[in-house]
Structure formats: structure tokens, C-alpha cells
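Mind looking over this structure? Questions follow.
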């Protein structure tokens, strides 16, 4: 008889907007919550016995109920609270994992009645393509595993990027270059050895460090810049024990104007590029302290 | 024999990154260009005679060649230049339409060697989900038709939004409300009666007006706010002769906590909502001066 | 004061699965319904007076209620029934438009207890990327305007496709070819002069004609094949008064093996291609009887 | 100094169409190829030394070159050939992984000149939303690891599906049901203990078994059906050593007609449902022999 080697189940894409109504302003959070339970659910798989199974619909309701009562200031704190709540009520689960993606909303800058531009207390604009992420794995009587990060961070540098001296064979057509565009849509996660008291401030500091390093680095390859970003982030945040970066190389290919006829033929002067989504380079590494 | 009642053809999704290399900084533009020609191409359709047909591959090349030589400061200026170029070289086309979408890149704020945060001269971050749009229709010996706008503008207000007193029938279950979330992913276009000298500054002024009105308006319906936004934009920009807004109502549905058992049952206090992409209300209007 | 030049509103993306339970089998329909009302709603836009406004939430409920009672065999019949229902109850609307997209589900071929493969009576597989479409515009005391079609029809022919003899200029780099791949993701709609008694059978006959013509045509250009498809469809279906085809040319670019070093350098033998989504040619025409 | 704990790099989304030109017909394959190399590339990451680095652009070229020469009948065979080729030429890589997704094209059924419907020898229609997948991990002097599967398989059964007797708490609102719709967009992979001589025929047999089991199973839960599918597949194919299924529960929610006023109020008769993409149940398991 086949064996259930591993299993988990849960509810994905539980979307949630939370409005915190202060006297002078509203705060707005938009979270996409995923709940996963791991445990011995073999009676359900093998015999159709649902006795110990918390319905995924109930998980969805639980997300809303916990969110309503929660005073968590960050999604890391909320994820931890939600995981502990579910774990406490469901001893049949050996571990609970909560993964959240957060969309960034900023306040609309609007003119007030005096004609001055100010951040509006209750009107918002969705800002960026990237989302913030966190994943909490909660196992009773163990410290929680907290991995935070960012997804869909689209960045591009137009100088200080070279790629030369790589291995060449009969199928190599890419020329060496000392001046190329370097663009990526990065996915980055880091593991906390202990949860910072203010995860939002920590996140901001980490992101600033990553972006500063990306911007300033004299890049000899995506790999080298990736490692430099990791090194800087680990130096900036003692609570980070490891960091994983996936930085696909979203190529911007210089137009070859030499193939046009006069007067449109030119040598490459690195001004006009075709941005391409595919194929893309794929560079991935995990760097530990 | 069937008649060719209307036709146009061209090249879609010609993507383009332009880097302008100043001594102290780089400027970066990312455009998605679409080129359409209209004319009497019936010999091609009916007989397979391609004599007068400019290949869409050539249109693509033309976009790059014109972009390289261009000094246009805005995508409106570039679109006009490209349309005139193609029209002048292709008298078989009665009109040329150029439509461009622009992604917004902002400079990364990075620490310099002195540790100060400043906007980096050559490293960029893709900012917002929305794209700027323009469409130029160029017909020889006529003024060009210029329609600019924005697409994918995701905005949300958490106060000053009601919806009540609407028509009720046997299938109406929505209660009146004086306090709801009002979210939309707006598509907005405006027609210029004459092209402003600085389309970028004009666009900024129009967007500020639209967002200020959205934020401040005491909304009785999406329709009323849409009209107020249109009215304010027309007042703010004399060169705008009409404005078209499509504002799907992206609903945020309050969770009904009363269906849970004690201690999780509550009356609605307008704090936790489910954001939904579908179904969505669809409100569309064109407002003219 | 600005004028409301045009407006409509409604509910988009009302998704619906209908299961018809016969004694020996179930039938399954999946529709994505869009409801739009046009009329004089200026009191709502200008004054926030919602008195005559049917809430879009009510439209959604109406879709479900009418779907439950309906015995319509095709989505065209259902759209017409829904439009008439809404129009009859909402005289403030001068016209009602219903647009539906239908996903295709086919029966799973499963082995029965005797080990024979047969179409399962109640288990389904989503078949194709394309969706069937219809749009009904209903104005009281006028015949309804019925436009049906298909969207996302991805087709490709590997022979009988040439493109040569087109206009050449200094920016033309595309060589003439007598053997190219011709791929497209077609969007096709046709207007019925009168509604067929069996819209599903008519649709099948039209699609067969379109696909047969695409497959068999000796193509000198996308334009010529598009026209041939239109001509054949108009000949096959007398109830069709016009047909509109948008056939973006999804290019498959032959690999240039000559740029590789020996032993991998070869002249083009038309075997390996890169399929590309962008840029794409864009060919559009409306052909009338 | 931080340590490079793991890394791999490569080229993603190398798209490829291969046309095999037989005298009487063409065969068509569309593959999306991903190439990943693992090895000691720390000189590149830490020092920017690219000496041993095969450029991802060269990997792309290699895909095309190997595809041109290949006579592989299935994507599994091609992936293996490509992995061995790259591994042989790049001893700096300890392992090479090739992952391929295949889109399904079927022949268009067209009328020939005699008016008979037949499968066209060189015109194709993209068939299904699902893609076939394979992943080969090649390590010199070890047997290759071959994992094949399917992604985006959208299936739905309208009978023989119950969900009852699950754990209830204060946040449980889902009623027990003995008749619900059961829909999923399945991702399934299986590990071969040894590579079958005809991977395409083996795939067909596995898929038939999975679909037959899904269709016929008297389901007490997604979990139970998932396990039954796994068990049947393992029984059907001796070369399969394990199978992993992720079957998100794409819910179809019955409309509650009781909330409408007469004459539209009804009790639920399981005919009209709202299909929803989110939130979705998430059921995942790996079953081993």
C-alpha cells in the first residue's frame, strides 16, 4: 500500500483589508494570507475520515476573526499571532505555517482647503509593483521560524555594470562588455535568528541597505552584485542569520543600428535597448553568516 | 463580393528603453510603443499584392531609429515625431496612429560615500502599477489628435463614501450605507484641444487635480465622484476639451462577523474587509466642456 | 458646466457555473457575464441622486436569478433573455447590453467498470485557451443587436505561408520569404442579421469554416488570409451580415545558426524557431456583405 | 565573511518551436526550456572572476543547437540529451538540471478538397490550458533523476463529491454537504525510478489513470480523492516510484436564493454556482511506493 510521505493542506489567497480608524487618520493594510497545516492526516487521505480535519473554510474565517481582534503592528506580528492561535486550537497539527504578502499603499498627496499639499488622512494610492512577504512556521515548544522578504522588486542600473571574461565555446556569441544595463525583478528572503521588536523598521533598514548596495556596486556580474547585497544586509542586521536572493537577469538588449541603411546606420552608442521578459538569466544563491 | 469596410494594421508592443546620458546623471524612459496605419490596403487583402505595404517589422525598426535621433522630452512629443516621420514616408497611409504606454521609474534613494541618502544618478526602481498613456492620430494637413491619460491607477478611500437611496427591487440585497470603502482601478484619458508645450508638467497638474478631488470628495456614488473629478480636471487644464473615465468599483466587502459563534460574533464595525477583483462595478462616462 | 456626453454602467465579471442535472448525465456551462445599462443617469452623476439607479449588486443577483429559471440552450439565448428581463424592469435604461464569455468544458474520457473508455456523465476537463463570446444590445421596440465570436484562438500553420514583395526602405531588414510560420491569437466577432434558431450549431459551422480556410489557404500575407477567412464565413452563414477579425501576427523567428562556430554553424533550414509574444504584428479588418 | 551556502544559475524561459518536416505532414513541438547549473562558482560570486562561468546567453544558444540536431521523440529524451551535452562540456558544473514545459498543439480538423473532414498535415490549434512538464537532473556517473508531470490541469466533477464530518469550532460556518462541486487546477509530478522507453505513451497512460480515478471516485474529501489518484497511478505504472499532487480546491459556491424576495426566493437546488479563484483550498501530498 502506498505511503503518505508528506502532506500539508490549508487555505491560500485569503485576502484581507484592515482599516484602523484613528481620530485623525486611518491606517490601511492589505494582506494576502495563506494558512498551511502539517500533521498526521492519514485517516483523511486513506479512509476519508474527516474527524480531525479543520475545514479550510474555517481557516479563512479564523484569519478574519484574528485580524479583527489583533493589535499587531506588522504582518510578522500578525502572522505569529495567527499561527499561535491556530496551533493552540488544533493539536492535531504538528506545525502551522502562515505566509503573507502585503501590498504597499501610500497616502494620496492632496491639496487641502487652504490649497496646501498634504498627505490625506483616509485616501490611498497603491504604490509599487513589489510586495512585502513573510512566512512564519510555528511548532509548539519551539521558537518560530520567521522568514521575511520582498517579491517583484524591479530595479535597473544603467552604469557600473560589466560582464566580461566568461567562458567561451563554439556556441558563445555574447561579446564582452564593460557597460551594460543590469535589470532584475528580485525575490529576496531573509531568516531571522530572533524576531526584531519592530519588524517594519528592520525591513526598511534592510531594504535601504540592499538598494544602496545594488545602486553603488561596481558590478562584474549579477552573481557578484548579489553576493555584495547579501553581505551588506547581513552586516546591517544582526538578527538576520541568512539571506536568499533570486535575481533573474532581465535583459535589455542594445539595438544593432548597423544593420540599417544610411542615414540610419550607426554603431552602438548604448542609448536604445529592447527590454525583454524572456529568456531571462536566473541567478540564485543563499548566503549564511 | 464582400467589402473591406474598415482596416488598419501595424506593430504592437514594441518595447523600448532609452537612456539619456548626461554628465552628472542618466535619465531613463521605458515605453511600449504601438504603431497603426490606416489607408487603402485592399490590394493586399483581396489580391495578396504587398507592393504598398510597409512591413510591421520595418515599423519596429523605425521606432528604434526615430527614438535614437529624437530629442523629445515627453512621450507625447516622441509619438508626434514618430507619427509625422511615418506619415511623411508612407503616403499610402491616410493616417498614422501611435499609442504609447510609459512605465514609471524613479531614482533609488541610496547612501553615498558620505553616508547621506540621495537620489542615485544611474540606478532606478520601478515605482507604480499604473502606466501613463498617450495616443496620437496623425492625418496629413490636419491638426493631430492627442489623447493622454493613465491606466491601472489603483486608489482607495476609507471615508467620505456613501451609497444609499438607490432603486430597490425583489433582487436587491445590498443595504444602504453611509460609510463604505471606495476602491477603483481607474483608466482615464483626456483629449487635448491643443498640445501643451510641456506635456509632462500638464500631466502632473491634471493627475494632482484628479487625485485631490478623489480624496476630498464627499461621495454619494462612484458616478458622482467620477463627475466631480472630471469637472475639476477640465477646470484645471484649459487645453483639455474632454475627459473619459472608467472607474470599475473594486469592492471591499465587510466581513459579517455575526455568523460566527461566541466569542467571535460581532456586529460590523467596518474594520475588516475582503477585497475582491470580481465581480466589479463598471462606471464609465465621457465628460465634455 | 461640463456635459455628460456619454455614460454607461453595470457589473463586470459576474461568474456563473450552471449545472443541468439530467437523469443520465449533467451538462455544465461556465459563463462570465457583463451587464451594462445606458440611459439618462445625469441626476446621479451631477447631483448624487441615486433614485433611478439599479445597484450593480442587484444586477449581479439578477444574473443568478434569471440563470436559475432559464431554459436557454445557448449563451446567446440566455443573454437575450437576461437583457429583456432587465430592460422590462428598468425603463430608465434606454438600452441594456449583455456580454458573455464562455469557457469550454468537455467530458473526461474515463474507463467505466467494464474497462471501456467513455465520456463521463459528470466529470469535466477545461479544454481550450479560447473562449466563446457573445454580446447582445437590447433596445425596447427594436430588434436586438447580436454579435458572437471567439477570443484567444491560438492557431499556427507551418506551410503555405509566404510574405514577399512588400515595400522596402532604409529601415527594412526583413527578407522576403516563401516559407514562414504563420501564428496568431485571433479575436473574431460576427454580427447576425437575424438570430439563428440554434446558435451553437451555427457557431460550430462558422468555426469549422474559419479553421478550414486558415489551414488550407495559400497565404501571401496575414491580410490576405484574414480576408479569405471572412469571405468563407460570410458564404457559409447567410445570417451573418459582417465579420471582424483581429489577427495579431505572433512571430516565430528562425534561429540564425550561421553565427555559431563550427560544427554548430548551419544555414537556416526552417526547423527551429523562437516563438515571441512581443512585438507582434497587428492586423485588423471588418468585412461586410 | 559570509558563506555561499547554495547557488545555481542558468537561463529561464528559452522558448522553442521545432518543426519536423515529414513528406506527408509536419510535426510541431513548443517547449519552454529552463537550464540550471550547480557547482562551485564562488570565485564568481566573491571575486567577480567569471573564468569558469558559462554565460546564460550561451546556454540559450546551446538549447537551440542541441534541438536542431536532436532526434529525441519526447521532451524527456530531449532534456536528457541537453543535460548530458552541457554536463560533458562543463565539468565545472557538478550537476545540470533541465526543466521543460510543453504546450499541446493538435491538428486542425479541416475539410479537404473532397469536402471530407481530416486532420490537417501542417495547421495546428493550441489545445488546452495545461502544460506537460519534465525536469531532468543530471549528475555525471549517476543515473539521471527524471520527474515528469502536468501543470494547470483544470478538472471539475459535479457529482460523487461530499464533504462532511469535519472538525467544527466557533468559527466554522461551512455546512456538511453530500453533494458539492469539486473543482481543481491540479499540478502533478511523478518520479521515474527508470526512464520508460516511450515517455509519451507512459504519460498518456498515467494521465488516463489519473483522470479516470478523479471522474469515478466517490469523494469524501479532496484529500481522499488525491490519494486514490496517486494509488491508481502508482499501480498503473511500475516505473513510477513516487507521485506528488497539489490540488487547490477551486470552490464553486452555491447561490443562496433564499435571500431574494418572492418570486425569486428558493431553497438551494444545486444548479447555480459562483466559481471563485480565491481564496482556494490547498491540498498537497507526496505518495511513495
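Labels for the chains are A, B, C and D, by order of writing; each one numbers its residues from 1.
Convention: a residue touches a chain if its C-beta (ideal position, glycine included) is under 8 Å from a C-beta of that chain, and two chains touch if they have at least 3 such contacts.
On a predicted model such as this, the values are computed, not experimentally measured, just so you know.
Set against the C-alpha centre of subunit C, every other chain centre is closer than that of A. Where the sister copies subunit A and subunit B meet, the same residue numbers recur on both sides for over half of the interface positions.
Counting C-beta pairs in contact, the pair that comes out ahead of the other among B-D and A-D is A-D. When the CA atoms of subunit C are superposed on those of subunit D, the rotation angle is 180 degrees to the nearest 5. Distance from the subunit A centre to the subunit B centre is 27 Å, each centre being the mean of its Cα atoms.
Per-chain Cα centroids separate subunit B from subunit D by 36 Å.
Remark: subunit A and subunit D have CA centroids separated by 25 Å (rounded to whole angstrom). In subunit C, the residues that touch at least two other chains are 15, 61, 65, 171, 173, 260, 264.
For subunit C in complex with subunit D, the residues that touch the partner chain are 15-21, 26, 28, 30, 61, 64-65, 67-68, 105, 108-112, 117, 120-129, 153-160, 181, 208, 211-212, 214-216, 252, 255, 257, 260, 264, 266, 270-276. Of all the residues in subunit D, the ones that touch subunit B in their complex are 170-171, 173, 259-264. Considering their complex, residues 1-15, 34, 36, 41, 44-58, 60-62, 65, 89-90, 92, 163-169, 171-174, 219-221, 223-224, 226-227, 230-231, 234, 242, 248-249, 277-289 of subunit D touch subunit A.
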